[in-house]
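Presented sequentially are two complexes of chain A, the first with chain B as partner and the second with chain C.
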Partner chain A sequence: MARELWDSLIETLEGLGSVVRFLVRLIVATPRALTRYDLISQQIFNSGALSLVIIMLSGLFVGMVLGLQGFQLLQRFGSEEALGTAAAIGLVKELGPVVTALLFAGRAGTALASELGLMRATDQLSAIEMMAVDPIQRVVVPRFLGGVIAMPLLAAIFSVIGIYGAQLIGVQIMGVDSGSFWSQMRAAVSLSDINEGIVKSLIFGVACSLIAVYEGYNATPTAEGVGRATTRTVVTSAVVILFLDYLITAAFL
Partner chain B sequence: MRKLHTLNLGTGTFVLLGFAALFFLTTQTTSRGWAFGSSAHYTLTAKFDNIGDLKVGAPVSMSGVEVGRVTKIDYDSKEYKAVVQMRIEDKFNQIPTDSDASIYTQGLLGGKFIGLTAGGAETYLKDKDQIDFTQSAFVLENLIGQVLASFTKSKADDQAAAASAGTKPTEKTK
Partner chain C sequence: MFTGLDMQIQRGQVTAVMGPSGTGKTTLLRLITGQISASGGSIEVAGENMREVSRQDLYILRRRMGMLFQNGALLTDLSVFENVAFPLREHTDLPERLIRQLVLTKLQAVGLRGAADLMPAELSGGMNRRVALARAIVMDPEILIYDEPFVGLDPISLGVILRLIRRLNDALGITSIVVSHDVQEIASVADQVFLLSGGKVVAQGTPADLKRNPSEIVKQFVGGLADGPVAFHFPAPNYFEELLSRSEDL
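Then we have the complex of A and B:
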C-alpha cells in the first residue's frame, strides 16, 4: 500500500517535471516560431474563432441563469438593482475565465491533443524531424500560442454576452430598472476586477494549451493512446483550472 | 485562395470581437470609462470630518441628478479632515457659493455619494473652489454605538432603581 502510494507520488512528480520541461522547450522555441505568424493566426482561428459559437451560447445561458438566480436572491433583501453588480462581478472575475477555460479544454484542447496525437501515431512528427524542421517550433508552439492568445479574448466575449444575458432576464423580463442595473454595475466594478479576469484567463490559456499540446505530443502512438491523451487533456485541464482559480483568487484578495 | 480568405476573415472577426469585448468591459462596466470621453468640467473640493466608505468615482448629485464624480480623496493632516476633490460638468456651473455638501448612502446597503444642496448666494462656485458647509457620512457603527450606550445606560438606571427599591423595604424592617 505504502509502496504504491510512493510509486504514484514519484510518477506524479515525474509527470509534473516533464510538463515543466516541455513548457521551457516551448518558451525557448517561441521567438523563432513568432516569425511564422501565419501559422499562429491559423491556430488562433482553430482554437478561438471556431470556439466562438459555443462560448457565446454558453455565456448567454450562464448570464441568464445568473439573472434569474440573482434576482430571486436579491429580491428577498429588496435590492434587486444590485443584480447588475452581482452578474458583472461574478462573470468578469469567476465565471467568465473559468467556464471559458473549461469549455476551451473541451472544444479546443481535445482537438489539439487528438490532432497532435494522431500526428505522433502516424509518424508525421518524425517525418517533420527528418526534414530537419523542429516539430516543436513548427507544429507545437503555434498551437500553444494560438490557445494562449485566444483564451482572454474568448473569456471577455463570454463575460460581455453573459452580462447582456443577465440584463435580458433581469431588466427585460423581471423588471429591474435598467438605469440602476448599469449605474450600480459601473460604480461597483473596478478596473482591478477586470484585470483579475484577464490575468486569470491568460494563465488558464497557458495551462489549458500546455496540457493539450503536452498530452498530444507525448501520446502513445496507437489509436488507444490518442484516445487516452484526449481524455487526460480534459480531466487534467479541468482539475488544474479549478485549482489555479483558487490560487489566483486568493492572490488577488 | 478561397480557404485562406475565410480563414483570415474568421480570425479577424474573432480578434476584433475579443478586443471589442475587452474594451466594453473596461469602459462600460466600470466607472473608469467616463473619465476618458468626459466633457468640459471644473473641480471643487470639500472637507469632511468623516467620509465613511466614499470611494473615488462615486457620483456627485444635486437634487438627485448626477452632476459630477469624486476624483480624488486625500487626508489633511493639519485639520484632521478628509479632503474630497470632485469634478463637476461645466454645464452645471451655477452652484451658489454657500451650497452645502453631504455624504449620503444609496439605498440601505448601497455605496456612498455626495449630495449638493444649493444655497442662496448670488455668486457661483468656480474651478478649484472649496465648499465650506459639509456634513459627514452617516456611519452605521456610530449609531449602533449610541443605541447600545443608551441601552446599557437605561439598564444601569433600572438596576439602580431596583437596588434603591430593594433597600427601602429592608430599611423598613429595621
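Then we have the complex of A and C:
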C-alpha cells in the first residue's frame, strides 16, 4: 500500500515536471510565434468566437438563476434592491471566470486536445518537423496563446450577459426597482472586484490552454489515445480550475 | 533493434530498403531523418553525424530532405495548394506570384494542378500521396525519402507513384530512399536494394542480384513464400494443445 502510494506520488510529480518543461518550451517559443499574428488571430477565433454561443447562453441562464435565487434570499431581509450588487459581484469575481473556464475546457479545450492528438496520430506533426519547422512554435504556441487571450474576453462577456439575465428576472419580472438595481451595483462593485475576475480568467486561460495543448501534443497516436487525451483535458482542467479558484480567492482576501 | 547494420546509400540513385514487417525499416528512416536518436553506432547523412547533430543543424539538414509519409500526412486544415506552399511560406520570403508558380509547377508534375483548391479530406488515397510528394519536392531536396509509398494504392495510382519516383530522381538528380515490401514494384525502379531481416542486412545489390541470390531468406522474401527462415506465425504454444486445453476448460 505504502509502495503504491509512493509510486503514485512519483508518477504525479513526474507528470507535473513534464507539464512545467512543456510550459517553458511554450514560453521560449512565444516571442517568435507572436510575429505570426495571423495564426494567433485564427486560434482566437477558433477558441473564442466559436465558443461564444455556449458562453452567452450559459451566462444568460446563470444570471437568470442568480436573479431568482438572489431575489428569494434578499426578500427575506427586505433588501431586494441589493440584487444587482449580489449578482454582479457573484458573476464578476466568481461565476464568470469559473463557469467560463469550465465551459471553455469542455468546448475549446477538448477541440484543441483532439486536434493536436489527431495531428500526432496522422503524422502531421512529424511531417511539420520533417519540413524543418518547429511544431511547438508553428502549431502549439498559436493555439495556446489563442486560448489565453480568448478566456478573459469570454469571461467578460459571460459576466455582462449574466448581469443582464439577473436584471431580466429581478427587475422585469420580480419588480425590483431598476434604479436601485443599477445604482447599488455601481456603488458596491469596486475595481478590485473586477481585477480579481480578470486575474482569475487569465490564470484559468493559461491553465486550460496549457492542459489542452499538453494532453493533445503528448497523446498516444491511436484512436484510444486521442480519446483519453480529450477526457483527461476536461477532468484535469475542471479540478485545476477549482483548485486555483480557491487559491486566488484566498490571495485576494 | 539493429545489430551490425552497415549500409551505404549512393548519391543520385534510387535505393530500396526492403524486409519483412517489424524488421525496423521505418525505424531506420526515422534514424536517418533524426526523428529518433540511435543508442549506438553512427549514422552519417550528407556529412552530418546524426547522433551528434544539434537541433539547429538538424533543421538545416532537413531543408535538404523531403519525406513522403506512409499516409501522406497532409495538414488537414490547409488546402492542397497551401499544403504544397507550406515549406515555401515557412522558409522563404518569396513573393506570392512566385510561390504560386512553384506550387503549380510541382502539382503539375504529380498531375494534380486541377486539385489545387481541394481540401485533403476530398482526395483519394492515391491523390493524397501525390500531393504529399509534390510538397516533399517543393523545396528541391537533395534527398527524398519514401516510407511505404505503395500501401493501399490501386494499380493505377501505384504505377503513377512508381514512375514518379524514378522520374523525379532522374530529372532532379536527387538521392531517393524507398522503404517498401512490394518486391516486384520496387525492383522495377530501384538501382540498389537492401534486404533487412533480424536487425541486419541479409542481402544487397541490384534487383537482378537479389533475384539470383541463393540465400533461403532472400528466396522466401522475393518469392513470397510462407515457409522459410522468417516465421509466419508469431511465437505461441502448441496449436493443438492450446485448442484442446481450451475445450477442456469449457
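As a convention for this text, the second predicted complex is superposed on the first by the 253 of 253 C-alpha atoms of A that agree within 3 Å, B and C clash if a C-alpha of one lies under 4 Å from a C-alpha of the other, contacts with A are read in each partner's own complex, and residues count from 1 in each chain.
Here is the rule we use: a contact is a pair of C-beta atoms (placed from the backbone, for glycine too) under 8 Å apart; a residue touches a chain by one contact, two chains touch by 3 or more.
This structure is a prediction, so every number in the text was calculated from the model and none was measured.
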* Asked: Between chain B and chain C, positioned on chain A by superposition, is the outcome a clash or a fit?
  -> fit
* Asked: In the overlay of the two complexes, what angle sits at the CA centre of chain A between those of chain B and chain C, given in steps of 10 degrees?
  -> 160
* After superposition on the shared chain, which partner residues are touched by A:Ser159: those of chain B (first), chain C (second), both, or neither? -> first
* Given the superposition on chain A, which partner contacts more residues in chain A: chain B or chain C? -> B
* To do: Considering only touches as defined above, state whether A:Val239 meets chain B (first), chain C (second), both or neither.
  => neither
* Considering only touches as defined above, state whether A:Val28 meets chain B (first), chain C (second), both or neither. => neither
* Examine A:Met131 and indicate which partner it touches, taking first as chain B and second as chain C; both and neither are also allowed. => second
* **First (chain B), second (chain C), both or neither touched by A:Met185** => first
* Does the superposition put A:Ile194 against chain B (first), chain C (second), both, or neither? -> first
* To do: Could you tell me if A:Leu247 is touching chain B, chain C, both of them or neither one (first, second, both, neither)?
  => neither
* Asked: Once the shared chain is lined up, is A:Gly78 touching chain B (first), chain C (second), both, or neither of them?
  -> first
* To do: Pick out the closest CA atoms of chain B and chain C after fitting on chain A and give their distance in Å.
  => 11
* Structure fact -> Residue set of chain A touching chain C in the complex reads 118-119, 122-124, 126-134, 138
* To do: Would you tell me which residues of chain C are touching chain A in their complex?
  => 33, 35, 59-60, 62-63, 65, 67, 69-71, 73-76, 86-87, 90-91, 132, 135, 139
* Structure fact -> So, in the complex, the side of chain A touching chain B is made of residues 41-42, 44-45, 48-50, 52, 77-79, 81-82, 88, 92, 150, 152-154, 156-157, 159-160, 163, 182-191, 193-194, 197-198
* Touch list for chain B against partner chain A, complex -> 7-8, 10-11, 13-15, 17-19, 21-22, 24-26, 28-34, 57-59, 106-111
